[in-house]
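Take a look at the structures below.
First chain A sits with chain B, and in the next complex the same chain sits with chain C.
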Partner chain A sequence: MNNIISTTSWRSVKNARFLWALALFLLIVATVTLPAFRSSVSVNSLLATLAPIVIISIGQAITIMFGGIDLSVGAVAGLATVMLALSGTIPGGAAAAFALALFSGLVVGLINGLGVSSGINPLLMTFAIAGVVQGTALLVQNTSGAAMPLGFVSILGTSFGPVPLFALFAVLVLVGAWLWLSQSRTGRVLQAAGYDQQIAGRLGFHVARTTLIAYGLSGMLAALGGLAIVTRTYAADALIGRSSVIDSVATVLVAGILITGGVGSLLSVLPAAVIIAVVGQIITLTGTDANFQTIFKGVLLVAAMGVYQLAGGSLRIPWRLKKSAVPANKVGPR
Partner chain B sequence: MKSSALSLRLVPAQLWVAYGLVLVCVLLLGFNTEDGFSPDRLLRILSNAAPLGVVAIAQTLVIINRGLDLSVGPIMNTAGILTAVLTASPGASLATTVPIVLIVGASIGVINGVMLAFTRIPPLLGTLATATVIQGLYSLITRGQPRGSVPPELRVLADHRVFATPFSGSLIIWIVLLVIVGLVLTRTVAGQRFYSVGANPRAAWLSGVPIKSHTLIAYTASGLLSAAAGILLIAYSGSPSLTAADTYSLNSVVAAVIGGAALAGGTGGMVGTFAGVAVLAFLTTVLTSFNVASPIQLVVNGAVLILMLFVNGRIAKRRAHA
Partner chain C sequence: MSEAAVTCSRVSKSFGATRAVSNITFSIAPGEVLALVGENGAGKSTLINMLSGGFEPDEGTIVIARTEGERARRVAMVHQELSLFSNLTVAENLELDREGRQRMISEPSSRERAERVMRDLGVSIDVDATVGDLSVGQRQLVEVAKAIAIPPTLLILDEPTSSLEGPQVELLFAAIRRLSSAGSAVIFVSHRMQELFDVCDQVLVMRDGQQIEFNDLAQHSRQSLVESMVGRETSVIYSDRPGADLTPAPVISMEAVGLEGKFSDISLNFPAGAVTAIAGLDGHGQSEVAEVIAGARRPSTGVVRIDGQDVKLPSPHSAVQRGIGYIAPNRRLDGLLLDKSVAANMTLAAAPRIFRSGLLSHRRERGVVSQVIERLAVKCSSLLQPIIELSGGNQQKVLIGRWMIYDKLRVLVLNDPTRGVDVGSRAQIYTVIREMASRGVAVVLVSTDLQEILGLSDQVYVMYAGRITGRLDSDEATESAVMHLATGGERRE
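Here is the complex of A and B:
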């Protein structure tokens, strides 16, 4: 079993070779069979959709590595777009609004972290915060004088040839986060706490502080992801990140990061996101109903969890429902 | 249960908190609006909350089993859309439609149950995936525009009073379901087994209780009840919708948690869940009567959930130490 921590060693990266191969295979198949996929417009739109998914998934991956989950990423992405639109009403203009958007993401993340470290179930905590954040974003959206700073957004949306600025930035953040999680002291503590929080606590690691760091980062990256979405839509919309939650969780699980925490490699987020985005692009380009994309994501989510369980050899299909312990002669379930 | 003084002390602290909140909401509502304490009005508010009430029963069952069902909202939408389409088809009546809709709901529940009982997929993600797939499927099939109409016989359920009593049909359905499920949970061996599986699956298994079939039953019941809630919802709203029930996934969890159900399983019950639904229903009415914008209501609901999680967590911790 690939039960080893995320490091920068070849052995750790090699675990994801099938994922990289599958992503490459899909890319080649799409390029060869679909002429529309090869056009520079298509490449640009693929990369532009990929950037926010990758950025948000990095944050999600960090919380899942920590043994938690962040269901508020969608709401935070929406909040960030709304905050950016405040640029006309606050001193400092667009740059200040950009900083404010990231800062609000960080604050939401820290609140999540505080709640989780006080013992509230991370699922419910982030779920509840998502409601609060979405409500707040809807309120801020109605501020009079709020308008998207179009000039600033178009600078953010600059493309070098077919490659958008944010796509380059997403890869940079990914590699940075991967190195940080694998090599830094805090990153290793985060992985250890994700693997077994109690033992990590007994070893004297600062679990509470790490909780704040993990959720804070996730919130900030979700806000950044929201800003990446804006470069495509140019709209302040509190509900813009509705699909981000399932997208990011599906990406992280496809990447082989175990939902129980502590196992997996952050670098695999990239091929996983590519697989999902390329399939989405194929569905769009072949004119298939966009709802198939939604269905695909749901099925993928279950399939990813199932496949990794199978790889771990722990999927057992019990044929008899009413098997109980008493008549059984020896071993119980683990 | 004979000496009331003893049973009063056995009431869990979470229930005091939950019913205290109900009382606060009712008082706020009563003093701030004209005619606020009229029983007819209070009953109407509860009657409008009947769909939430029924789906909260479903959610509580699943939470007692250490699970979580986020597909209840989409199942409710499915039930609404199906009811409208089927009753509009020639030769169909409510008597043929309702069983079909309930069976469809239960089958989705079976899919959830099989998936979650036999693999180690976390319930939240498994049901989130089911929810996404269902949403995709019905958007695909209806092409974004659900057709059909809600028959007037069904509307009667939500609008009219039964036999000159102040209770509406949906309120009675909700209360009857609540009482039946409550009695089965607390007064039968099957109910006790159900709790034991949630409280400690391994201990239950070692005592000869089959845990997987209980998980399957919990999710099947959840699908069935969600479908019933979906029918009640379109009886109230009058038109099928692709999104109307989306908020019910979160709100049913909130209701169960306010009622003292812990996600760790094994606690919670119908008495508490009733209070949870009542709190949400009255709170919404209070906020609306204060002209609070709907985004703020979202914020308040989220904040109440966090607060109750925190409080219930503290109560559970104190009890564990005592």
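Here is the complex of A and C:
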């Protein structure tokens, strides 16, 4: 057993080994059977698609771990692209616009967090804010003089061989977020409060502050995800994150993070995203109708929920991670 | 005498028009253990919530001595509903509770500390076990360990033994004594009288929010304490047993019934007009046997017979159809519609018979329900009061009342019917159970409270590790005989 990482995190990673195996299996099958899949262009495009999904899903995973959800990630991603396009109209140029994009994501996240901690249902709060953000982004998009800083974006879009910069960045963020959630005091409180907010409140944890942190992070990561999308599209588009909400929620749930909060591993976001992206790539490469992608995502989500339900025995006891967590002979009074 | 650890003077608290706590004055010296007793709804929870900082008192002051040196925390509380996170391990739960300055958690030191805390308490619970996988008793011990890991000035234990067994209770008591000799003041809330006399020095009796007395516990006998609590004589809380006839063919019987992983080869007979108890320590399969009879679980082997006929009880609905009523141990989760009124909850089972036309009639409902309310002395402001506002004991009475008005009832299965119910309500519930039996109902009583079983039943089956280890008639059933069988002993001839 690993000694530095918390037992619960470690156990959650172990519980997801089937998911990793499935992702690996799909990768191998695709590599062997589809020569086009092996090409460096294909690998580059796959990783470039993966990066924003993973980054946005990390934020989504954090809110879901906290027992909430963030439906504004798509709108925030769109807002971020629009903000980046303001680089020509604000002092400081592209770098300032980049910071502004992230900052606007953070602000939206904090507003979400404020609403949720004041008692508004997260579903409603983030859904409503998504509308506000999207409208604002569409308005800002029409600012005269706004243009994508193409030079800056192509720097962001740098690839090392077939590996885009943002893909490396996504992995870095993923591992960092996982460690933070598992080993920091705030991360622990987030997991605990996500599992049972009532107890957390009674024990005097800073639940409101944790809510702000969770949604703030989600907003900022959604903005970062939007910037990752820009490196492929080079366009400021308020609607660019249309599919991000369903993609991120699907990824997080397929990753085995319980929608009720507190149970699961952030690391599993990676294999879940890989499975969805690889199947998408296969559909594209084999010339199958692209609409099958959407159908596949829906089916996968339901199938994954079914598998988890069977594996967990029943959803009525979501905490029962694994029956053998306690060796029978080791428990009890002496 | 040194400065008091806790001083309450003239503390009062109201919720709306209800005066929950009124004019309480007491003080506890460091190292003293105070028993806080009273019936359900007497204001104990409100008082301890004020002591732990959950509520502000409306009037009066609470002073808790400043912490010094070792005692780093002022008040620690073991809640009746536990405050552990089931998704985390034992060590992680203990770590969360630590007031840390460092932002990152060191796993080895957190585990090491948890192991030390468990060792100090004298229990061997794997600190890497996920709390959700522990039994209720083990969780309660972890909860206690968490509370005493940092010695508090005042430790409040609210029903800490409700799901502990004998040896575990001893561990808890040892821990309490250690803490008190180290100078912590302790407030101990329990419905189990014997425990109070085992560990407490002082006693504070509450009734209807009032302080009845604050005294040395040594001045009291068990009897006098109960009288002081309920304000009337309850020498006989178990009514007389007429000596039921166990010979006629049983209404319901089980033959070689087994349930995978829970119990096996159970053969039982439940005759009409008698109270048949299934005794045993917590978690030895008794509760599951009750659930099988109630149709809540399907047995994997064996047959259940009603009037000698093989029957299948695939659902609680089919059991009710055959006249089997069930009272589940967790009334809030499994028994009550919490937002609905007293009347609605009570007529739930009998509704098709009371309202034959299919339309509700409030006049009929009132007629039926008010009789039962009176009979059981349910304390409620009106029949339309939401049941969630009633105290635990009164909620339980409503549940029992539900089956009193179900005239098709032939078998009543009671699974731990008096958990968390105060003495006064208990007496009324016992009387009613007896009455139901004399009406010809076969009563099945599953309980971990030995006194209750001995006082109420006509025959006792004892279970251990999923098997029946013996059957005792009421005159053979003594505390020691039942405990002998319940701990796996062979039947003594």
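Assume the second predicted complex is superposed on the first by the 302 of 334 C-alpha atoms of A that agree within 3 Å, B and C clash if a C-alpha of one lies under 4 Å from a C-alpha of the other, contacts with A are read in each partner's own complex, and residues count from 1 in each chain.
The rule is short, and it goes like this: a contact is a pair of C-beta atoms (placed from the backbone, for glycine too) under 8 Å apart; a residue touches a chain by one contact, two chains touch by 3 or more.
This structure is a prediction, so every number in the text was calculated from the model and none was measured.
Once the two complexes are overlaid on the shared chain, A:Ile90 sits clear of chain B and of chain C alike.
Touch criterion met: A:Lys297 reaches chain B, while chain C stays clear of it. If you count the residues of chain A touched by chain B and by chain C, you find the higher number for B. Of the two partner chains placed around the shared chain by superposition, chain C is the only one that A:Thr8 touches, whereas chain B remains out of contact. When both complexes are overlaid on chain A, the residue A:Ile155 reaches neither chain B nor chain C. In the superposition on chain A, A:Val29 contacts neither chain B nor chain C. In the superposition on chain A, A:Ala235 makes contact with neither chain B nor chain C.
Comparing the two complexes, residues 317, 321, 323, 325-326, 332-333 of chain A contact chain B in one case and chain C in the other.
By the touch criterion stated above, chain B contacts chain A in their complex at residues 68, 115, 118-122, 124-126, 128-133, 135-137, 139-140, 202, 205-210, 212-213, 216, 250, 253-254, 257, 263, 293-303, 305-306, 309-310, 313, 317. Listed in rising order, the residues of chain A touching chain C in the complex are 1, 3-8, 11, 183-186, 188-189, 191-192, 195-196, 199-200, 202-203, 205, 262-263, 317, 319-321, 323, 325-327, 330-334. Of all the residues in chain C, the ones that touch chain A in their complex are 54, 79, 83-89, 91-92, 95-97, 100, 102-105, 107-108, 111, 122-126, 128-135, 138, 141, 167-168, 171. Residue ranges on chain A touching chain B, taken from their complex, read 69, 115, 118-121, 123-125, 127-139, 246, 249, 253, 259, 289, 291-299, 301-302, 305-306, 309, 314-315, 317-318, 321-326, 332-333.
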